[in-house]
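In what comes next, chain A is part of two complexes: it sits with chain B in the first one and with chain C in the second one.
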Partner chain A sequence: MISRIFKPKIITLPNGKEVKQPRSMLPLVVVVFLVFTYFSIQLTGFNLTVLITRINHFFFILGEMIPPRFAYMNRVWDPLLDTLKMSLLGSAIGAALAFPAAILAASNIVKSKIIVHLTRLILSAVRTLPTLIVALIATFVLGLGTLAGTVAIAVFTFAYIGKQLYEIIETVDMGAYEAMEAIGIKKIPAFWLAIAPQIMPVYISTALFCLEGNVRHAAILGWVGAGGIGLILNQRIQFRDYSAVGMILLALLITVTLIEALSHFIRRRLT
Partner chain B sequence: MTLLTPQEQFLRAPRRWPFKLAAALIFAAVMVWSSSATQFTGAGLGGAQIARNILMGILQPNTDLLFNFTRQSVLYLLLETMAIAYLGTTVGAIIAIPLAFISATNIAPKPIVLLGRLITIAIRTVPVMIYGLMFIRVTGPGPFAGLLTMSLASVGMVSKMFTEYIEDLDKGIMEALDAIGCTPFQKIRYGILPQLIPDFLSTVVYRYDMNLRDATVLGLVGAGGIGPPLVFAMSSFRWSDAGAILIGLIVLILIVELISGRVRRKLTRGV
Partner chain C sequence: MISFEHVTKVYPSGVKALDDVTLNFDQGEFVAIIGRSGAGKSTLIRAINKMHDITDGTLTVDGIPVRQLKGKSLRAFRHEIGMIFQSFNLVNRTTVIKNVLAARVPKMSFFRVLFGLFHKEDKIAALTALDKVGILEKAYVRVDQLSGGQQQRVALARTLVQNPKIILADEPVAALDPVTAKQVMDYFLNINRELGISILINIHHVELALEYADRIVGIRDGVVLFDGPPDQVSEDVIHQIYGGETEAEIV
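Right, the complex of A and B next:
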């Protein structure tokens, strides 16, 4: 379609043969980019002078956070562990629910097009919901606290792993499964014996990867009252108690790094 | 060596049950430990009613809010969110390019690589909300702060992926260009850029997709976009307004996801 608007350049070679060189899309891309940028700058009020003259204020909070107040750490332990528990349980529930959903969304296992597309639609729709909004809704429905946070994490994990997993299921080697079906093994045992071993390592590895992200996410959930470390983080920020904020962030950083190291170790063993 | 019957072969399968049992026990223990944080607070007794209200709000959205063009309308807010994500991603990508080059082991010497990676890790460590607060001190609340926050939040992932692409550069092409006597400028223009640009653009498009989803988070600290109206509508129980905003957001994200998927396929595979 594009090549019809921008006619390719025709070059006649010395031997009389004509070759077509497609026109470069670069000018068009540059124009579109500049137009988008111009309107975005208008809409957002981007102002370089403000940024340059006031950038020193950016480091104000950072300066206040250092050094972190280590004495505050004994108030950090409980919410930090809550965050960790929320992420672990939420990830496990979400991953467990994602497994059957991914099977229903895999077009090589389930032959009914309606079920496949319906499941995919649900997964996509759930994935578009921002985690924070899910957490907010969960606090309305289930009350403030870690339960709401756990549910929000589970919902997010469910949608993420569900999508990853059905894409993986669709690329597995179907030979063994078809052979088992051919000798009369029922669908579910055949799936369990022929396909599950192929997807298990990737499934567990995706779940662990999701857990890593969830620990980071869980820190934000406290903002809407869904429990965990975000709660005290929000509170300390409102009191402008930045040395305590520094301590919370440091504790969070160490936790996230430890979880990531552990998960990397397990994932390397898996694959 | 005699041929085994399938039965004998089956019995010879490696015995991994002690390992599996240990893994299952550890998993169960972790789950029990983490469920200790999740208590029913009892505040969710009216939960079913609220859940129904939310659902009704989404089913009967405030169409007036959805379809007018004032500064409070859903369409304007979505446009603003898109502009924030667009500029945020662009600025983030621009910051990420030099960082990626100095973090690539095949370009920069070792000490500089270490420095580049340290900067990237340091930028990734601070949660998005904190960046939001820091930038609000610079620019005041509003979309400008949001786009700066988003750009800094994008740098970590984008620069990490850029680095991987740079490290995967095909050296053979450079040597071939060297052999036919190209100048350094020509080598960059015809040897490096064609290899990098599709992957770089694909990463940026993917990040734009992510930033659009994350834009709601910025609202919590007052950094513009669709987040604050949504959270306000929900906390003041205006469900039909919240429903209108949610529908707008979900439709926008689905459309952008569809387009970005197409664009990325075109960029990386050329179809």
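Right, the complex of A and C next:
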């Protein structure tokens, strides 16, 4: 169809044979790209002059953060531990709930199309909810505090791991499972014996990867009142207490780096 | 005794894998089923333990009508029949003995399965079976460390622990080299002679079939073309089963 609009170039060989060289689409792509960029700028009110004139405010805040006020650290420990507890517990609950859900969503294990598609629908519906929104709703239901944050993280982890895991289950080698069925073993024990050993390393690895992200997610959940370090971060920013903000961010940076290094180390050993 | 009476299997795609098959197998027979790929060998074997459903006719094993089995009765029925696969179908990421112990799982509570709590007599049964197929020393080795021939012997041990009356083998030696294939066939023969277990085997290698089996069943396009002892398999029979063009390569 495109070749009808952009007629291909015809190369003729000395012996008279013809080869059609398709026209490059690049000029068209560039034009479309520029048009979209123009309308994006119009729509979002992006203004380069504001960006340039105000950038010094960023460096001002950054300058205020350095050096961080180390004495503030004794006020950081508790919310930091809350954040860690929220992400650990939330990840563990979410990962545990994701396991049965992933089995129900795997079409090679569950033969009922209704169950498979219903489970997948639930998983993708839950996944579309941003963690911050879930946390906000959770604070309405459960009150302010770390419980709301834990629930929000568990919900996100459940949907993320559930989706990853059912896709892994569907690519698994079914030979051993077939043999289990031929021996006369029920579905769930057969799954546990033949398929769980194959998916276990990826399952644990995905859960750890999710935990890494959850520590970062948990840090902002305090914004909506769901407990943890975000609470004091929000508060200090509003008081323009930038040296305390610097301390909070430094503590967070070190914690996240440590967790990621540890999780990375374990995940490398798994696969 | 396994009895096929006018058994037909039509796949949803319309392919007729079994076409009015009538066959009887007595207890203790060693039967080789030969035919080209897609001739219906696999369907024939897998119909017996209902891994594939048949669409018409009657199939009974020791008087039990296979078509009517489902759920618990099907699982109990399958437990009495061993099955061996071309690709061994073992759990690669775990040890040999755990694979063999799977044969005892139908009789265990889920709690015990979940935590791998096997009784001592189950372990002894598993190890005895491994000894019977000559790989006792590999009991605690991970399956993915073993060669293909050793893996098929693990599968055979797993089947023996089921204490079956019949063993169905779907191309058990197709993935093995000729020497290993003969070793595995020797184990089948031993099991058949010593324990009186019926063996039904699908096999590509006609010469192995003729060497080991008491009875040859030749099928083509789902129809049984030959049924008789190996010494009656003439070149003409092979020609019928496999079609003209490749006979030189087979014999």
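In this text, the second predicted complex is superposed on the first by the 250 of 271 C-alpha atoms of A that agree within 3 Å, B and C clash if a C-alpha of one lies under 4 Å from a C-alpha of the other, contacts with A are read in each partner's own complex, and residues count from 1 in each chain.
The rule we apply is simple: contacts are C-beta pairs under 8 Å (C-beta built on N, C-alpha and C of every residue); 3 or more make two chains touch, one makes a residue touch a chain.
Model, not experiment: these values are computed from the prediction.
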Chain A as common anchor, with chain B and chain C clashing or fitting: clash
Contact breadth on chain A, by residue count: chain C or chain B: B
A:L144 touches, of chain B and chain C: first, second, both or neither? first
First (chain B), second (chain C), both or neither touched by A:P130: first
Touched partner set for A:T119, first chain B, second chain C, both or neither: neither
Partner chain in contact with A:K85 - chain B first, chain C second, else both or neither: first
Which of chain B and chain C A:S205 touches, first, second, both or neither: neither
Touched partner set for A:I237, first chain B, second chain C, both or neither: first
Chain B versus chain C as contact partner of A:G184, first or second or both or neither: second
Listed stretches 79-87, 133-141, 205-213 or 223-231 of chain C, narrowed to the one that overlaps chain B: 133-141
Chain B contact footprint on chain A (complex, rising order): 36-37, 39-41, 43-47, 50-51, 54-55, 57-62, 81-82, 84-86, 88-89, 92, 124-125, 128-130, 132-133, 136-137, 140-147, 150, 216, 219-220, 223-224, 227, 233, 237, 245, 249, 252-253
Chain C residues touching chain A - in the complex, by the definition given at the top: 49, 51, 74-79, 81, 83, 85, 87-94, 98, 102-103, 105-106, 108, 110, 113-114, 155, 158, 162
Residue numbers on chain B that touch chain A, as the complex places them: 27, 30-31, 33-44, 47-48, 50-51, 54, 79-80, 82-84, 86-87, 90, 125-130, 133-135, 137-139, 142-144, 146-148, 213-214, 216-217, 220, 224, 227, 230-231, 234-235, 246, 249-250, 253-254, 257
Residues of chain A defined as touching chain C within the complex: 173, 175-176, 178-186, 188-189, 192-194, 197-198
